[in-house]
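The following pair of complexes shares a single chain, subunit A, combined with subunit B in the former and subunit C in the latter.
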Partner chain A sequence: MSIVKKKICLIGDFAVGKTSLIRRYVEKQFRDQYLSTVGVKISKKLVTLQPSGTPSPVEVQMMIWDLEGRTQFEALTSSSYLQGAMGAIVVGAMNRQATLGGLEDHIELFGKFNPKRPVIVALNKADLVPPDQHKSLRERYNNLTYDTVLDCQCTSAKTGENVDALFETLAKACIKNAKG
Partner chain B sequence: MGAPESDSLESPFERLQTLLLEPQFSDLRQRHHTLDQQCRGLEQKLSQLAHQVSDPTALNAWLRPVIVELLKMEVAESRQDFSALAVGLMEIALTSKIQQEPATMAAVLAPIMPNSIALSSKAAPEAMGQAIAPNLSRALTAHIKTDRDALIKALAPAIGPALKAQIRLEQDAVVDALYPVIGNTISRYFAELLKEINDKLEQTLSFETVTRKYRARLQGISEAELLLREATPIQIQAVFLIHKPSGLVIAEAQPKDRSPLESDMIAGMLTAIRSFVQEYVAQPERAAELREIEYGDAQICLEEAGYCYLAVVVQGNPSRAFLRGLNGFLAQLVNDHGRIIQDFEGVLADIPEAIPQGLQQLISSAAQSNGKPPSQSPGLLRTIAGVVLILLIGWGGYWGFGQYQMAQLTAQLNQQLRQDSALALYRLEVEVGRNQLLLKGYVPSEDLAKRAIALISAQTSALPIENQVVVIQTPPPPSRETLNPKDVDAAVRRTARVLNEIEGIFLSARFENGVVQIDSVTRSLQQVKIIDQAFQDIPGVTLVQHTTRIQ
Partner chain C sequence: MLTYGKISFDSQSCTVYHEDSQVHLNPKEYALLELFIRYPTHVLSYDAIIDRVWEGDSIPTRSCIRTHIKRLRRAFNAVDYPGEIVENVHGLGYRLAPLSTSETGVIRPPAGVLQRFFKSKAIEYLVLDDHQIVQYLSPGVTQYSDDPTEVKLNEAASDGFPEFVGLEDTFQEILDGERDSFELHGVGKGTNSARPDYINFYAVGDRDTQLANRLFIFFEDASDQMRSRQRLVQRSNETMLLLERLQIT
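And now, the complex of A and B:
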């Protein structure tokens, strides 16, 4: 089974839980302590996936780039780390409306560097918001007018809710995207 | 009865008729007359018309107003029909005219062509572009054939900015395009540099050089290459070929006897660092790149191409030659597999086996070249060379001292010859020959030659003297009556010039009527005597008047 390598970026405002999502996915751990990411942190995750329409499973090595959090008020130009990414997870915190407002800026920024590459929106910190609000929020951000946005998922790095699915959906999309 | 009745009846009838119809008849007659006149007028006009039809000029003048009026009416009433008709006619007329007289038509249309093209370009630029595009390359080719210089002049100012723009748009593509050329240029430069080093080494004689030459000969490589190898005791820990945009490892090679480095993480972070440096440190107008990262006694050398870069983890201090080698290696790699590297999407199966093999060879060749030769040189060779060197130094010193002594001796002997009253006039010189002294020169008599040999022999007995003095047989001196005063004057001047060459003598001599007047500065009374004797010996000189000052 040959290995396919994919660079995936996590972008979003600061303190929305990007690093926590990666730690949950890669290390199966969660820490309450907040440590701001400076610049970029790279993690590696090797998974075996079987995207729909492929005859055999594919071993995917995801190089996950955890980019320093930014807000829409800051300059968004210094993002050459996004170059060459084959997919992105744009993260917002469900309990902070301002971070959800910046989702579109991040999607557009990623699209500027990597047009046609798939994007998934993660509404993180779902454990801090009552479950009855999940559906409406998800529907709202699922209907963003971007062709590249595949899905919007409510996630929780703390509980692990939808975290694996988030990364693996994107990885499968990356494989399909590369083939297409 | 009938006839008179009828006559009587007709007469009244006729009279009645006349009475009733006469005015109408009269009117009719009048009209008939008028009609006749009109017919005649019409006949005249018809004949005129017939004449006008047969005369084109007259017909043209006659029909023009009518045709104009008709055309106006037609245009006003059915514009579309008329337009279609006119277009058809124009097309036919123009086609026919162009076929018949192409040059005339070209001249007619020429004034409006520039404006027409300008307007079309403005009104429908895309259509204009499409119309011109198919012939653009042909036009350029033809123009290059006819006037290459003009095209070069026209394009030259735009090439610089165009290149800059292209670099801004697609820097990676430009780099990849130029990389093989630049790499080869550097390689050629380096080859010349090696040659230069070799030449210099050839000219330098030292013990180290001799042993290096010996080692290089044994290994079958050039001396410069050996020098470079000795100067680069390095170990390659890993070689990574990294996709520049994504930071993914395209291929890697690491020595098998070491624990492998985490290539993907290193490649990712290196790419991030490169991006950081480019974004925050390097000046935007200068395409500067991170070349190396040092840590402890190791470093990561980065060699960059368009869509990929080579990261080589090296322990030790790599030489320039090594870095040039990397450059050449990467240039070859890009040349061979540029398209695959550019389109790399993380699928390792797409990477040809030749790439990782090439990286592995890089490590192997570097390991071989690092085999620094043993520093201990053969002891016997060292001893022999030492002895030879001492002997050379001793012999050199002895030879130098001998040369110095001989130089001193010849200077002394030459000085003696110049100070001898009889010999000073002649060019005699002592030189050092092969284990002997050579006495060379020309004298007018055998006696003078013997005098010179005797003088030299008296001064030195260390070396044999070879007499190479040539005796020139001079004609017998002319009698005083036949002596030419000019010849005597010339002899006086020549003698004065020769005497002035003797150290300590400064004199001037004037010959007039057989008398030589001398004004001199000398060092000794003996020199005064030499001067007097020399001038008295000149045939034709009757008296020498000498004023001197001894210093």
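And now, the complex of A and C:
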């Protein structure tokens, strides 16, 4: 079975948990201490997937780009980081409204450089918000009017809730997108 | 449009300019100049000149070619071109004269100076061919790789540099001359603990060599700059988070 390599990016405001989502997915670990990412850090994860409608499983080497969160500082050539990405996870923190308000900016920025590439919205830090609010928040961001946004999921890097599903849904979409 | 120093050569309108002055040439002199500009570093023998400029015509004598070269020189002298446009290489043929500094406007650093500069800045590089296969590795370039064992001659560069995955089209645009360069700053360390904490890389096409289509990728250590940025961003973000919490309460 040949290995296909796919670059995906995690983008969003600072301190929404992008690095923690990747650490949970790749290393199955969580650290409470906040350490801001600068520039970009690339992690790799090899997964075997069988997207619906494909005859056999596919081995995918996911190149996961953890991008510096949006801050008051000018980003280091952020468009260069996004170049060639096959998909993106746009992350906001459920407990910080300002970061959810910025989700559309991030979706539009990604779409500008990678039109037609799939995007999934992650509403992270679900463990810090009462469960009865999850459904309404998810519905709200599931209804964003972008053709490329496939899904919106409530996630928690701390508990692992929906983290594997988040990455694997995007990876499958990237494979289908590349074939289509 | 071909250019050589301050000479511009428009094959569509069949006009040649040196700076703002038109150089008046007859068709054979024009064809000779085009040949020399397309092969600026080559010594062209009489036979090579005849093959390319008199193709299909009756074969000229050497004296006839010398006459055309003289006329070509005279046409450039008339527009104050410094020195001679074409020089005689005794016993071999003719060559386009190297550009003088007044023609280029710049003094290019010699290869030895560049090498010493690269060494002082720990700049390393690799060279890819037009299929994006590694053709050359500078001695220390593997220290910038996420997986040094995967960096090999005649292999795909992305095997050792995960940051190249997804950039294949960008690199091809540079190789095809559709784009000048591409750069990426502040790429953090991956699995290779010996790699600098952060690197920058710059991909630049080779436009000077006529026979090869090559991409040079230069790497530099950006750790000091990025560590300073991290401290600054960390402090700022922590302050912003504190302010957000204060606003809520």
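Following the convention adopted for this analysis, the second predicted complex is superposed on the first by the 172 of 180 C-alpha atoms of A that agree within 3 Å, B and C clash if a C-alpha of one lies under 4 Å from a C-alpha of the other, contacts with A are read in each partner's own complex, and residues count from 1 in each chain.
We take it that a residue touches a chain if its C-beta (ideal position, glycine included) is under 8 Å from a C-beta of that chain, and two chains touch if they have at least 3 such contacts.
Not measured: the values here are computed from a predicted model.
Model built by superposing both complexes on subunit A: subunit B and subunit C clash. Shared-chain residue A:Val129: touches no atom of subunit B or subunit C.
When the two structures are aligned on the shared chain, A:Phe14 is found in touch with subunit C, with no touch to subunit B. Of the two partners, subunit B and subunit C, it is C that touches more residues of subunit A. Legend: residue contacts after superposition of the two complexes on their common chain; A:Leu144 is shown touching neither subunit B nor subunit C. When both complexes are overlaid on chain A, the residue A:Val26 reaches neither subunit B nor subunit C. In the superposition on chain A, A:Arg96 contacts subunit C only, with no contact to subunit B. When the two structures are aligned on the shared chain, A:Ile42 is found in touch with subunit B and with subunit C.
Judged by the touch definition given at the top, the superposed model places A:Lys5 against both subunit B and subunit C.
Shared contact residues of subunit A, touching subunit B in one structure and subunit C in the other: 5-7, 39-40, 42, 44, 63, 80-81, 83-86. Against subunit C, in their complex, subunit A makes its touches with residues 5-7, 14-15, 34-44, 63, 68-69, 71-73, 76-77, 80-81, 83-86, 96, 98. Interface residues of subunit B facing subunit A in the complex, by the touch rule stated above, are 243-249, 264-265, 268-269, 272, 275-276, 278-280, 345-349.
If you check the complex, the residues on subunit A that touch subunit B are 2-7, 39-40, 42, 44, 61, 63, 65, 78, 80-81, 83-86, 178. Here subunit C touches subunit A in the complex through residues 146, 158, 162-163, 165-170, 182-191, 198, 222, 226, 229-230, 232-234, 236-238, 240-241, 244, going by the rule given at the top.
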